[in-house]
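All chains are identified by letter, namely A, B, C, D and E, in their written order; residue positions are counted from 1 within each chain.
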């Protein structure tokens, strides 16, 4: 006596961005294994990857337009929920992915790394991130977390010539596995407390039932917060960040900092916003503390760092703090701010890492400030762009960085979170120090210019596109922010 | 009967776990891990989770632990570790955090663990006309959890590609220049 | 053209020298010596002529109508305050205009000769003209603010001219000192103006002088006292007098024009201009009188022991200014103005003469190494003797009449204490002036003694042509202060020589004026010209009546006798000159008091010590300990603190992955703990 | 003039366009770059002259207002307008920029392109600060000022430039941070009460005086004050200034002293008064005290400096003390004086910095002890310094005197003890300036100083206009005051309307009134509804 | 007496929590990377135990299904993790996590 399996209905359009990326990734692996080593497969693989991303992007574009007039699409047995929020962050992820991919092409050749697997892993990781942005179930969130993380472990350790790369991979792996175990425990406890892992199901259950005993649920919420806090690099779960960002190949660092952050925040915002809004009085103070700690530690610790990638790693921790402010307010303006911030941050940080990729010497291991001495004098455009990107991250007016911070602080002010607001603005001042320090170093002539031969290398077309795109977007958002803010606002609407 | 079995295997589980943590030789740790895994599988059986118990034995004990042992042997690290702790306060801190987290979870959850609605999605572990444990699990897995199931496929692809990339002898490129060690 | 139309052009009086100054500033170097000098002199003389025209125009009006205000433009229109660039032509201002331009053109003329070798000849005359313009603006202004403009302008010129030989360290310091002391007075001036605006909403002399009568006594006293502070600064009264002696570092024509004849009398002018406030405040008048009296006696005593001819004259000027304030303090405005005029004549003459003597003695200013110069500088000697008698109060010279007006007025207004001090000061006047004349022109020749080369200064690494280039030796510090050994003569075998006619003529003319100046205001009914001329200004005031030939002869006699005693005493001491330049008989007579008096009661030394000591230490403390230490230290300390915390963060990030895991676990434990403690409530 | 030529946008945009154009020009031909720099800055100056000529002296509200949507989600708009408070700051900025560029023609010589670009960007941001009427826009420009200034100090400064540039940036942005927070809090409190989210300064100031509790108002005032006090700078928030001044290149110092530190005073006048009238009135004694401390402390510390630029830097602190005192005298006279100093101080201090910069070009040091006897070797240069010095220490006839006189007079009218203490600063000013002058310019020239070249025609052209303007304003201040005063009166009247404050007036003066035809309501709304 | 004593799901859950803690502590105190991985496996097993216990308690087969996903994730992690270790071992004969600290600060 069996009941026939009732196949869940599938809205293929809704899940095709993920599928496109996964397909592209698999295709690259296939190309690699079929063609072996007969021709240089890198351009082909890159084109395949770009095609996948573009296809995914086209679908997201279509979805965005569809969803502006319709309800969110819930499909595959309620496990996927495609709404403007998901599409928005999906676009951020896809943007970060394509930029990182473009950035990688020349890098891979310079560093003589195996391109196909590398590209495939990026695409698969990005697919995981897209899954994350539309996940409507804790177990999907968990699996997406793994899908996006495991390729990153590999990619971080990808450069076998550098011990630092492998060390980064291992550290990331150990801590990632540790935190995802904690996350999973949180899933289990939540499941026990509510009887379901579906986000909407949890919300539904909690709104209809009053728990006599909230202990299990609270413990579950705490564990979930820890797991996602790790991914967004919030203090005190941040300690992997500097080491991994420094050790990983630079394009991967840029990908991690932009895309992973977006995906992790997608999960954080969605899980806590959809499943546990009723418990916000309980978890908001914890998020408050995470935000404050991230701001303080991220901004302060970077002050004495000498490795530029490490500085940016700490700064990404601080940025996570700002986004957490938006999250913490639990208002629509706060979400809007967090979304805009993620969007702008992606371009600011990829832009900065792009310059580091381009200006770095072969071996990708010379990123101390001393190696960048005089860069802006020797190569005004490249150095100037890095200065621009770091100043944008510092919140310079008329850059996207300022608008993003403005939105975040507005949200804090509107939500009467004056403490966060003041700590936030003061942390920005401290952070300005190390951003300026980078600028200052690049404007100070070195004793001599040893890397001159290397420095005078031309920027390849792919990286050039990345640099230009990032700079243009950061500037455009800063000068005419209206549309971007509007889109972010739309994306919060259906949450 | 279940009481006895529970306490027996619960004890074995914990003993195995402690063994994993405390054994100096990684090989011993792996063997203790097997003990724990098997004990957990028995506990699964005690809770009407036959399929999961079987898979636990097959996948974990059969595949994962073997993989561990394989790597241990491959790398030749089957020597006993020193138990010196170079990090100050690491052990007391770790122990106390472990104890505190345990206490906190127990305090929070200790009164009433499962507060969720029973048979939330219609198919229970027992009861109802859903057939055997395998059928029940399969039913849930291929309907409700179809999307996660597909994702696991992707995960496995990733694991394969990743392991290949990592484990590949760098034959096509010059041997890596070893860096100075700290 | 009516008289009033003419008076509307009173602005020309300051404008002419202002234009001259501008021309000389821009093209003075090109004009060079002596053309620049002639231009400047001519302009000031033209200004004098125009002043005479103004004088005549005023005379043509009935006495009660002898006041004309001409507004040029609204200078400061703020809120409901309106301050104009406007000129008030009345007997008081025109008197000063005549004095400034008249004596001024003589001194300009003198300077053509005195400065003829100076490479910065043009600049000198630019300053000189600018000074004249400022001084004329000061006196012609129709409101306080414009007077203040002139007031500061003369201060500026004084600064520039004292420091004219700025390579000379003492000159640089002297100019600065003068300006700063003056600024202390200006502080009072500004506060007085503030108070005037607050109480009367106005800064015009006419309006405020009318309003003064109706104001509360507190207001009037405050305004008067603050104005008096300004006057004390400008006119070098106790306690703000030390700058005037250091002002002697400037070229001698400067000392004559600015620091004797004109600028220093601005204080007297201001009190006369604002007299209703002083009239209405007897307390202030008492203060003025006492300050004047104390200054007169104090400076007079100091002058007695000075070896430097210019410094004697400087202290003398302070002392004479004290007499003037004494007069003002008794309400004897006319007497004060009379003394101003007489003083301008004889002190101008004395300074110019002293300049001539110095010039003729190769820049030696030490009287102890002069003597018997009358043979070599006959014109100078004659004029100075006349001026000596005038200042000492010997009838019928100008000083006699003027000083008699002051002292007898004082006596008859029952201020016996200040009168007594004034008489004592008159004795001192006789002493130091006689000493000066006899040490310089009579007695033994001491300028040939000790034919050793100059010892002061003169470092060897200097380029040899410095003196030729600058027109003076910057290392030679001519001023001799009490206590220094006598300066060796610098003639190096030459004889002293008389000055050229451009210098001699003004000396002679001023000498002559010192003789006849008393005619301005003889104590005879009908010939008190000055008094009747000034009457429209002071008609509301009951001025104390000085003695006349009819009345109060005994008071006059006492004053005269006092002067005579001084003269005789000094004559007794110095008629043979000095036996040894290092031995001053006066010093021996005074015994231990000599050092105190000679050092100016250690007043200036005390201030210098305080400024160099505690004041500078205090400022240093503020700069180094407070500003750099505490305040900036806090700023940098904050940065350091952040750095230290950052380093600690970095240390925690020590690379051990297990440590990082502890961080995660700790975070989890903390969140759980928080939920246990606070959640669900 | 609605619908007319957008003059203010043109003024703001011209230097920006100039910066972009210069950035795009090839850097091989510096003379073309310089010509472009002169051209664009001169064009800006010409536009501001047109503005000056067409500025109505009867309109007490904002003129030439433009308003465009910018960031609708947040309610921030691009609103620009000019009134008597900002007019002369705009003119000064536009005047000092070409002069600064001209002064930098020879030195610093390296990287002229970047220098000109940053300088024009600086002008752009400063003009934006003074013309913005939207708080977010204002803050944007306020922060943006730091960036080009930072690069100017860092890139073309002297010895310790990195430290100075960083300190300048961080210290001032620490203050700005609190300003930013306060702006947001203010706007969102407004939104919470009225439902309207706007950063329009006019709307907020028409509401805040009755919409905020006294505590909130005071706290927000302090938040705004943090930024303004550091910028002014008030003691004890001043230590960035001597360092920044000393290390900045000449043109940078000119702008820094001439315009940037005025931003703080401008902020007090523009924002603190209208937005937080009660707090402004209540805290006036505190700010007066700080102002007086600034006057005295700045002067005393200036006297002890061994570096010419530091002397001038501390003197700027003292001068800004006069501005503060004038502002918080809360009288028409005092405000007139404060605004007049804000107009005059750039001229005199600018001239001083320019002359000192010329000395640096010749001798590469600012240490007073390295000089001595300059007068003899460079008489014209000395004359320029002398002129600037006396103009600066408030010699009547120059503009500095008018400002100090009015500001102290206003203070004397309302709070006598402060005015008396402040007037002591007049004495001290002469002490430190004359002492420095004596040490650096008088005395015998050393062999090195002896060879000092006197100024070139270009250098005279750089300084002379400033001194001439200072003289002109000193003798005919009415030309500026008639444009300043209507706005000042509006500010005072608004304070009286919004609080129970009553302006203290000199005897016989009638109460300050709005011009005929302007109602109290309109005044409180800053003419928004007109 | 023994009849009234039931093994409720709570026993399993407490056991799971204890196992989780032991795993966590193991990760913190062991330097051998492979043993650290084993500790993570312990933690995942604890979660599995919890899932199954909840499945029983809630009478919901979904709980058991979740164990499958955990298993797959565990397998994938182990594969990749051991791959990284092997790669590192090729370079350096370092067996402990503590030896890897090129990156710090």
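In the analysis below, contacts are C-beta pairs under 8 Å (C-beta built on N, C-alpha and C of every residue); 3 or more make two chains touch, one makes a residue touch a chain.
All values derive from a computational prediction rather than experimental measurement.
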Separation of chain D from chain B in steps, with touching chains one step apart: 2
According to the touch definition, list the chains common to the neighbour sets of chain B and chain C. A, E
Leading the contact tally is the pair B-E
By Cα-centroid distance to the whole-protein Cα centroid, the innermost chain is D
Where centres are the averaged C-alpha coordinates, which chain has the largest centre distance to chain B? C
Centre-to-centre distance between chain E and chain D (centres being mean Cα positions), rounded to whole Å: 65
Quick check: how many Å separate the C-alpha centres of chain A and chain C? 78
The distance between the C-alpha centres of chain A and chain B, rounded to whole Å, is 29
Could you grab the centroid distance between chain C and chain E? Build each centroid from C-alpha atoms only and quote it in angstrom. 97
When you check chain B against every other chain, which residues touch at least two of them? 87, 90, 93-94, 97-98, 101, 104-105, 107-110, 113-114, 116-118, 120-121, 130, 139, 144-145, 148, 152, 155, 158-159, 162, 165-166, 176, 178-179, 181
Among the residues of chain E, which are close enough to touch at least two other chains? 13, 20, 23-24, 27-29, 31, 37, 53-54, 57-58, 60, 62-63, 69, 73, 76, 80, 83-85, 87, 91-92, 97-98, 100-105
Where in chain C do residues touch two or more other chains at once? 650, 653, 655-659, 661-662, 665-666, 668, 672, 675
Looking at the whole structure, which two-chain pairs count as touching? A-B, A-C, A-D, A-E, B-C, B-E, C-D, C-E
As the complex stands, chain C meets chain A at residues 642-643, 645-647, 649-650, 652-653, 655, 657, 659-661, 663-664, 666-668, 670-672, 674-675, 678-680
Name, in rising order, each residue of chain B that touches chain E in their complex. 2-3, 6, 10, 13-14, 17-18, 20-21, 26, 29-30, 33, 36-37, 40, 43-44, 46-49, 51-52, 55-56, 59-60, 63-64, 67-68, 71-72, 74-75, 77, 81, 85-87, 90-91, 93-95, 97-99, 101-102, 105-106, 109-110, 113-114, 116-121, 123-127, 130, 133, 136-137, 139-141, 144-145, 148, 152, 155-156, 158-160, 162-163, 165-167, 176, 178-179, 181-182
Which stretch or stretches of chain A touch chain E in the complex? 139, 142-143, 146, 150, 153-154, 157, 160, 163-164, 166-171, 173-174, 177-178, 180-182, 184-185, 187-189, 191-192, 195-197, 242-244, 246-247, 305, 307, 310
Within their complex, state which residues of chain C touch chain D. 73-81, 85, 145, 148-149, 151-153, 156, 159, 163, 166-167, 169, 172-173, 175-176, 179-180, 183-184, 186-187, 190-191, 193-195, 197-202, 470, 474-475, 619-620, 622-624, 627, 631-632, 634-635, 639
With touch defined as at the start, can you tell me which chain C residues reach chain B in the complex? 656, 658-659, 662, 665-666, 668-669, 672-673, 675-676
